[in-house]
Amino acid sequence: MQLKVLRDPIDDDKFHDECGVFGVFGHSEAANITYLGIHALQHRGQESAGIAALDAGQIQVHKTMGLVADNFDAATLARLPGNAAIGHTRYSTAGQSRIENAQPFVFKGVAGPIAVAHNGNLVNAEELRASLEAQGAIFTGSSDTELILHLIAREREGTAVERIQRALAQVRGAYSLLFLTQDSIIAVRDPLGFRPLVLGKLRGAPVFASETCAFDLIEAKLEREVEPGEMVVADASGVRIVQKLPPQRSGKCIFELIYFARPDSQVFGRSVYRTRKELGRRLAIEQPAEADVVVPVPDSGVAAALGYSEQSGIPYDMGLIRSHYVGRTFIEPSQSIRHFGVKLKLNPVQHVVKGKRVVVVDDSIVRGTTSRKGRS
Amino acid sequence: MQLKVLRDPIDDDKFHDECGVFGVFGHSEAANITYLGIHALQHRGQESAGIAALDAGQIQVHKTMGLVADNFDAATLARLPGNAAIGHTRYSTAGQSRIENAQPFVFKGVAGPIAVAHNGNLVNAEELRASLEAQGAIFTGSSDTELILHLIAREREGTAVERIQRALAQVRGAYSLLFLTQDSIIAVRDPLGFRPLVLGKLRGAPVFASETCAFDLIEAKLEREVEPGEMVVADASGVRIVQKLPPQRSGKCIFELIYFARPDSQVFGRSVYRTRKELGRRLAIEQPAEADVVVPVPDSGVAAALGYSEQSGIPYDMGLIRSHYVGRTFIEPSQSIRHFGVKLKLNPVQHVVKGKRVVVVDDSIVRGTTSRKGRS
Amino acid sequence: MQLKVLRDPIDDDKFHDECGVFGVFGHSEAANITYLGIHALQHRGQESAGIAALDAGQIQVHKTMGLVADNFDAATLARLPGNAAIGHTRYSTAGQSRIENAQPFVFKGVAGPIAVAHNGNLVNAEELRASLEAQGAIFTGSSDTELILHLIAREREGTAVERIQRALAQVRGAYSLLFLTQDSIIAVRDPLGFRPLVLGKLRGAPVFASETCAFDLIEAKLEREVEPGEMVVADASGVRIVQKLPPQRSGKCIFELIYFARPDSQVFGRSVYRTRKELGRRLAIEQPAEADVVVPVPDSGVAAALGYSEQSGIPYDMGLIRSHYVGRTFIEPSQSIRHFGVKLKLNPVQHVVKGKRVVVVDDSIVRGTTSRKGRS
Amino acid sequence: MQLKVLRDPIDDDKFHDECGVFGVFGHSEAANITYLGIHALQHRGQESAGIAALDAGQIQVHKTMGLVADNFDAATLARLPGNAAIGHTRYSTAGQSRIENAQPFVFKGVAGPIAVAHNGNLVNAEELRASLEAQGAIFTGSSDTELILHLIAREREGTAVERIQRALAQVRGAYSLLFLTQDSIIAVRDPLGFRPLVLGKLRGAPVFASETCAFDLIEAKLEREVEPGEMVVADASGVRIVQKLPPQRSGKCIFELIYFARPDSQVFGRSVYRTRKELGRRLAIEQPAEADVVVPVPDSGVAAALGYSEQSGIPYDMGLIRSHYVGRTFIEPSQSIRHFGVKLKLNPVQHVVKGKRVVVVDDSIVRGTTSRKGRS
């Protein structure tokens, strides 16, 4: 008997650079609220999760591999007291899936501890890392975020805001960042606004999140986006803008709208769901087809398929069913099954597609392997 | 800080009596195929999973709490050699969630070991248990299935088929059963046909499953239903019917078609998906509504909502988004959030439902708590 | 690189049939006291441990693989309320090391639940098992103890004492048994008295244990041995003898005194330590030697070596040091090391043995492999 | 029912500053040999264990909490290929028991990766840490060893030996250090020689260890101590001394000889066992007693008690038995037992001590709580 162990059979042709960040300042249940916030952002990263909470000038952190719901319980949260907290969910490719890379990171800064939660990737990470190592910096993990920590730790003068600003002046790339300091949360978004970040209010307490769906769960009110290039501070005296860089060309990541974000979120000021539907309508105009039925690749292709259907008048139907029990590794019998990985994830509904001309709408085609298999 | 730990916030007003069974006879990778089979039936039970494999007259079994993908690996399957195997996935209410109730059960019968995988509930379980205990039987767990084992163990005469028949003559209720004996798989379905069971072929080897979606994954061909009251034996000489009880009134469980089964399956000889759509059409006729949009409660309400939309002409749209990361327990902040359990699971898409007259289609209303919350 | 994984490199030429049993009746902290009792008896079995506690006529049980100290905590014990409890620690050879064999066993008898903890082996186990299976009994594990349960379960008439007596009349072999019934603890020892069992008092509450060292830890007072063939009941009305079989030839297991029991215990009415020392003295008379030093194989050879030294006048010294960190499996480099298993466990003190004539005293020689290795 | 959970009931009045280090260069099974080496040094630290192996200029490391035997298996070792390796076992007080402090540490130096295993404590740790943090250094854990890493990382010029020398010139305190570089092992001992370190040969390959008992297990030959203030390099061209500081007053830690080291080891050029016996003899001279028996507190008091007995002529006997199953936490019944922690660990043998005048010999008295309890 010969077994093949497949690593990640659900490889889905997609980029996975997203993470989720959440923060709340001035709420008596800060860690609990943050737990809910990152739970709602779980779709942005299932590799690791963490919460850092501020109590009496000290920061406690709990980080784990795996899902929020599986790895945080009442006892864990009870060990994270305080009125301010930030949280993080992380996606990562297999090679970097290590607890050392789980966030938030905490370090002891010149004026007390600072925790950081980061969504984004730096483009000058390699040269920054080489330069810092040449100066004697020691890195624990392999994430870009650790670079930002080291840059801040090297800034010895000025306020936390000033040190963060000088540090960020040295990096190029994408970042939506939440810093938890001894007395504040500092939120920053890179000048291109590559990754989303929103600001809301929960019974008076400022909250920050990657997507608005986190606000919906905790019944917070969306105030506005943190703007590209903007730095916002939430502390005992309220929320204020401490930096507002001049407008640049926008660098918003289109994949946020296409498949990273939850469809019930607003991202970059737009409804994700509406955007996907509009893309489907547009596809129907640009790529019309003679067909009997429009079928989405669930779940992320649903909205676009509905848009295609509405525009084209071709009926929409659920011709593919997705299994939600697919894990990261899978065992295939030695007598191999055609397109096994896809089959495991998606199965056609014979009644819907048999003998029909079918338009299959996926969210996007990056490498196209899934859809190729679907075709054959 | 006060925390409330919620047990099963996803309580969904529904019955959970289903389990999944799968079997294959005469295949060199019996355990691997069974692994795939119960993986495809994972939606029928996430509490525990098990595989029993027959090798040289001996039966090895591996059972675990939790999901198939998380708890079976190549090493586990390598310890289950042989050409025949049966598997089981189990749903259970919290109180009975114990490894002692995980299936398949194995016992040493008068003519060698017998393993059993059972989907169903007996109506005379309590009196049978009392009667067996009065005769000195010792029970390990609390499942009805153990009763069937004891009844068979007490039959000392005749073939395995005869002993099983005499044992089953004493039980009343629902059962789709797979027995693995020293030289065969015996499949039986109760005379009312309450739970489904289908027979297929995988490159010549007979396969059995609760639903056809298991056949799709392994590329087996559906042959037919095991009929209500029918007993089928698969052994070295092929597949044969050994019992065919006269037709009774049908007792097929409607919830199989409504939400237990996967929509891509055929159950009771019908397409699950088509049945749900027809129920939605019928609902549109019986309960017409003036509305702007038809919205399903995902995932099980999708097909009925599409049927309602097609029949009524009211556009279909995905106005509710379901989180797939909800676990079995959850922590709610002490300052409670309205309809927290529902919110965790379902979030409306503002763009779709705001200011609209909405028809929300769920698969069914048993106790109605979810939909009540949804309304308020 | 080639690795050899050694299973149980500490194989020590010895029989391992011992288990530890403990019970207490009428104490408000019954489970806690039992936890301490089996902790003190840990040397009698490290494979699994369990406690059954009686509360309001119901019996709760917690059983685990591994050590008492690692697998019981305050939360576990809090789930075992009540005024009476029995406990068990189990040794077993690798093949039978399964949770199904962990004790105490609990079953629902004709007059309520009964739990049992057993130390001993039956000599007619095989025929009893065959006979019971022929009558339709279903066994979960492979231990002899389950047989006793089934025999009791089949007795339908009379009191618990009577049913246990009739059941035990059918077994031959060694047993020191503690039964926890709905209102009592019943302690029995086989007529040959193969395994030890003592009765004591803890602030008025009767306690039972395999060895007196369990009484020392909880500060209970030793009353006396439960005699061979005796059955004792502890219930609300006190302790009474309900059976006293006529004296037979003694069958006390000599290995209890030689190496099973803790040296600080009294077993079979004798000080274990004194017995070992006397055996050493006797050895010095029967096997005198011209030597410079007497060295024990620690820990169980220490007392006999001291006796040998005292008798012979040859000085005693610790020429061998034992590692207490040896686990059950071990990895040996491919370039094998001579007598690796022994080396891992015992290392000579050069200063003591170099150039000397050494008498090495082990507790016993069963197969002799360790001492052979020691010699070469 | 009220439970008291005791943290570390075996608190034994002793300092626990010791760790174990081991290294081998130029052996085809470097990780396997290192595994055996740290296994033999397990008594020097049970909190965490780790191995770093050098293969093709890259260093792989595996670190875990807990015991070597429980946490390293064949698969783990197979992922540590290469011809050179260092290992570490760590003791730590409860508060610092974190995987972040487990060794060896690895960092990317200016000329490739360096791993370090450290036994010792620095006296200027606090000021070094403050100074490094003021320069922007970020620390992951709380161990002194991390300071040494940072000091080396800041040295940008010269060879690895030179950079390590300049770094160590800044620290004051105790260190026996093994560095694994891209092409060598560098061993250093502080000028006072506070902690032990020995050099040996295993079939031509140089080996280093805290104690000689590690050499005994792998059948390596002891060559000599690494001298206080000495730095030794083992690389492809053999072993050479690269630094030999002028002799200082000796600062050898007396507790190594008294209870840290294994009695079968040689430490600081002396037999540990012989030293302990001599201390016992000396005690008999300085503190003579009229008594019937000399009893050791096992295991570390055994040698001194034998010395006392030999010198005084009072017979030696094992009047106290030690349990080897005591864990780190323990649950005491609410009705508390006198000197519970001590009782759990040590129980008197009545036969030996009852009615006798007893000299009890422990290895040392630091705070005296155990012996006080023993007396009362």
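Per-chain numbering from 1; labels A, B, C and D assigned in written order.
Everything that follows uses one rule, which is that contacts are C-beta pairs under 8 Å (C-beta built on N, C-alpha and C of every residue); 3 or more make two chains touch, one makes a residue touch a chain.
The structure presented is a predicted model; accordingly, all values stated were derived computationally and were not measured.
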item	value
Chain of greatest Cα-centre distance to chain C	A
Chain A-chain B separation of Cα centroids, rounded to whole Å	34
Between chain A and chain C, centroid-to-centroid distance (C-alpha), Å	56
Whole-Å gap between the CA centroids of chain B and chain C	45
Touch relationships between chains, expressed as pairs	A-B, A-D, B-C, C-D
Complex interface listing, chain A residues touching chain B	1, 3, 5, 28-29, 32-33, 35-36, 39-40, 42-43, 46, 67-70, 72-74, 77-78, 81, 213, 216-219, 262-264, 271, 273-274, 302-303, 306, 310, 315-318, 321, 323-327, 329-331, 333-335, 337-338, 343-344, 347-352
List of chain A residues in touch with chain D within their complex	107-108, 110, 133-140, 149-150, 153-156
